[in-house]
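The structures come next, written out as structure tokens.
The following pair of complexes shares a single chain, subunit A, combined with subunit B in the former and subunit C in the latter.
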Partner chain A sequence: MQDFSSSFTLAANLIWSAKPELLEIITLSLQVTLSAVVIACLIGFPIGALLAVAQFRGRTALTLLFNTLMGLPPVVVGLLVYMMLSNAGPLGFLQLLYTPVAMIIAQALLVTPIIIALTRQVIEDLYQEYAEQFHSLVVPRRTAVMALLWDARYGLITTALAGFGRAIAEVGAVIVVGGNIAHVTRVMTTAIALETSKGELALALALGFVLLFIAMTINASVFLLRASAARMSYV
Partner chain B sequence: MSKRQPTVVPLRKGQTGRPDRGNPLLPLKTTDLCFDINGKRIIDQVDLAITSDGISVILGPNGAGKSVLLRLLHGLLKPARGEVLWRGRHIDDTLRKRQALVFQRPVLMRRSVADNIRFAIALRSFPDAKHRLDRALELAGLTSQAYQPARALSGGEQQRLAIARALAIDPDVLILDEPSSNLDPGATLAIEQLIETARVEGKKVILVTHDLNQAKRIADEIIFIHHGRIIEQTPSPLFFNNPTSNHGRSYLDGGLLV
Partner chain C sequence: MKPYTLSGVLFILAMSLLSISSPAAAQTGFIIVQSTTSTQNSGLFDFILPKFSAATGIEVRVVAVGTGQAIKNARNGDGDVLLVHAKSAEEKFVADGWGVKRFDVMYNDFVIIGPQIDPAKISGMKDVAEALNKIAASKSIFASRGDNSGTHKKEKQLWAAANFNPAKHSGTWYRETGSGMGATLNTAIGMNAYVMSDRATWTKFGNKASHKILVEGDARLFNQYGVILVSDKKHARVKTELGQKFIDWITGLEGQAAIAAYQVGGKQLFTPNAPCQ
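== the complex of A and B ==
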């Protein structure tokens, strides 16, 4: 067991010297989460926009469902994906368990409801403004949805960043379906969990700093985006 | 860069650029038109006939139902009773495409000035899209601000943009809801020139205003409405010289109680 102050020094050294071990973990984390968020956005933006614009039975129920799923515990998502991908599961033949792909699937599942729910809110607010004008101009449904998605782009980027923030920081889903295998599925959060439990605080701390830095970057981006959108009168 | 004001070919009042052809959407007739909001009758048994080209001005005090009436005519609201017929046809998407409505608070998209106009033009797949855009920008006097965010424009500029966008899709009927309230005399003049351009091009203009002087300047006929009812419909000079209704008279005298 290292003492605290030496852990901090070691962590700083690890980051400063850009240890390959550390870089590998960070890179995989970013790859997994970025892929998951891209997939979640591709699914979530159109579905969220449709929920905002379309009138159909069960729309409120669906909205409630996605709002609820926003708070889904990551371990539960991990468990569901595990059951799908394990040898006994329906997708077991794909042999994806304990691979980065499994982790991407789990995180995409975790983030998609968030993207859908936030997108629906953003687009619905904008549609309230546009609806009568669109009705007057006779804008086809598809054109309307595309226009709303484009005009809400600042809000949607913020939405994607929120999804990214949630996914990069979660540990429950990736540890269940990824297994934290060194050089294969070890990402920042799972490494922190493991190293801490082993009492190896230096690497855990170093990764913790990196995570903090990423969180800060995301928040700064959201802040700057808001400011620039406001300057352009786009909010 | 210079802001160009629209140039208008002077025509006599009531004369349009295509007097022989007539407007394909006229006459506009409503019969027994009623509309309720929360159980309150807002539009009450309106029988309206707009048969001639030119500019029909709807006058009436705040809350008279002018904006609601425009929405009913344009088919944005469904009447509780009665019907709206444009040349004998119920208002639908096809007819609405031939009309353009500029709202009391113009709805501008979160895009540049040019992209706002482009969006409307693209909906109708005109062959001369680029030319139409340039012309609309020039008409609105916004050529030099084409790439600014539309919602950063001043109130008067936003109104000009909304009207130019409406004109860019070449409607047969242009419906305007108080296009120059809150604007200074210069901006009001610019708007009136835009409206005049529309009339000269043979578009039917239906316009709501509070501004009696504006009505006097541009109206061919006055439709006076009060408490959701048509009180009178009179050729413009006649209305201002000798309104047929008591309500109309007291409105002109500035004494109409709501």
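== the complex of A and C ==
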């Protein structure tokens, strides 16, 4: 396949030339996905930690529910958000359909269960180590949860990155609620879908490589940040 | 790193990101046009819409989906203007009160595309119904949109004209992709299948491989596009004034001239035919 090799050079050229149109699409992708992941983390970390620590009826059922929701099909989330935000839907008055905000909502819905489920696991593992101390020192639950979240921060960063990976790569939800409108709601994945449907396969694949490159940059910077933070804490 | 630094970083990040996503929504001078993939994939909108925006200052946001979905979205009030190609469905949309009035805008035609080797031997045929019958008789693979789009509706009409019901063979040689035109073309090329496409999408298509146009020119392959203002009687939020300006422009002299001026490889892809011409 000549498309393969030409895609690599095309991807390199795309990154090198940094066309304003491409930069616009990349910027919007990052804005939407990072916003969604931040929102999902703000909701998911405390809920996940509570699920790990608290004892209440229905805890197992909730855990099962969130683990199941990790497999939510993006297109279903897109459809649900579309039906809510459509002018014929209950939240139509907000006029959010076909805007980046709608895309953030959809991706946050998609990512939150992942953050909750993975946070619960990370915190539960840590809690098994800490439980005895917490009991003997009679630590209030709120303090215990905060301490666990803080001590598990590196595990939680990986959790956030898993959510980021899911959101930046999905096309099904954002294309339905965003509409893939040029200069307004076009992101990397919807641009790839569009170029594929135009039969511009090499360009579509090249955009895929660019997307991977961006994801790698994000992962690498988190890795470096984490490494330097770990070093600082020993000084 | 102290706890408050992390939450501070998160807070600043969240604020900065949320603030950037609002400016697009803050503008009021835009309309949403629900349209088909062919008008977008052919590059027509990229060519004519900047001219409209320059003349009126109105931004046009195009949502390009299949005609069936575009009509549904418009019924939900999620668009101000509908520009599609399925005349009977458009007339029903207006008759049911969802649209104000339908105008012809432009036309082109559909073509039957197939592999170079042409197993059903239909190349050069002028009767499209006969060509479809030969494809069916030889059980050659045919890729259908299967998505209730304008193109799919037309294809079903043509099978009916051929007195043949391909649905019974779905999954064998008759394959419904349930996808847009571009995805279906990619699939057809991958399967060495016959496929029907609008001429504009095919002309601009970048992955033609050895496929080519085999049947064209039958009057039944005519492909008319219409434009409709969504009625504000059902959805009060429809931007009637701005939407009407768009319809006046695209069916007027300027818009019609812009459509006629759009060429790919020296070929005009759409022929304007609004009534006021």
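Convention: the second predicted complex is superposed on the first by the 198 of 235 C-alpha atoms of A that agree within 3 Å, B and C clash if a C-alpha of one lies under 4 Å from a C-alpha of the other, contacts with A are read in each partner's own complex, and residues count from 1 in each chain.
Operating definition for what follows: contacts are C-beta pairs under 8 Å (C-beta built on N, C-alpha and C of every residue); 3 or more make two chains touch, one makes a residue touch a chain.
A quick note: this is a predicted structure, and the numbers were derived from the prediction, not measured.
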Going by the contact rule set out at the top, does A:A182 touch subunit B (first), subunit C (second), both, or neither?
second
If we overlay the two complexes on their shared chain A, which of subunit B and subunit C does A:D151 touch? Say first, second, both or neither.
first
Determine, for the superposed model, which of the two partners subunit B and subunit C contacts more residues of subunit A.
C
Please work out whether A:L42 is in contact with subunit B alone, subunit C alone, both, or neither, and reply first, second, both or neither.
second
Check the residue A:M232 against both partner chains and state whether it touches subunit B (first), subunit C (second), both, or neither.
both
First (subunit B), second (subunit C), both or neither touched by A:Y130
first
With both complexes superposed on chain A, which partner does A:V139 reach: first (subunit B), second (subunit C), both or neither?
first
Both subunit B and subunit C contact which residues of subunit A?
232-233
So, in the complex, the side of subunit A touching subunit C is made of residues 31-32, 34-35, 38-39, 41-42, 86-89, 92, 95-101, 104, 146, 150, 153, 179-182, 184-185, 194, 196-201, 203, 229, 232-233
Where on subunit A is subunit B touching in the complex?
126, 129-130, 132-133, 135-139, 143, 147, 151-152, 232-235
Quick one: in the complex, what on subunit C touches subunit A?
1, 3, 6, 10, 13-14, 17-18, 20-22, 24-25, 32, 37, 40-41, 46, 61-64, 73, 75-78, 180-183, 185-186, 204-208, 235, 237
Subunit B residues within the subunit A interface of the complex
71, 74, 76, 93, 96-97, 99-101, 103, 107, 109-111, 119-120, 123, 149-152, 169
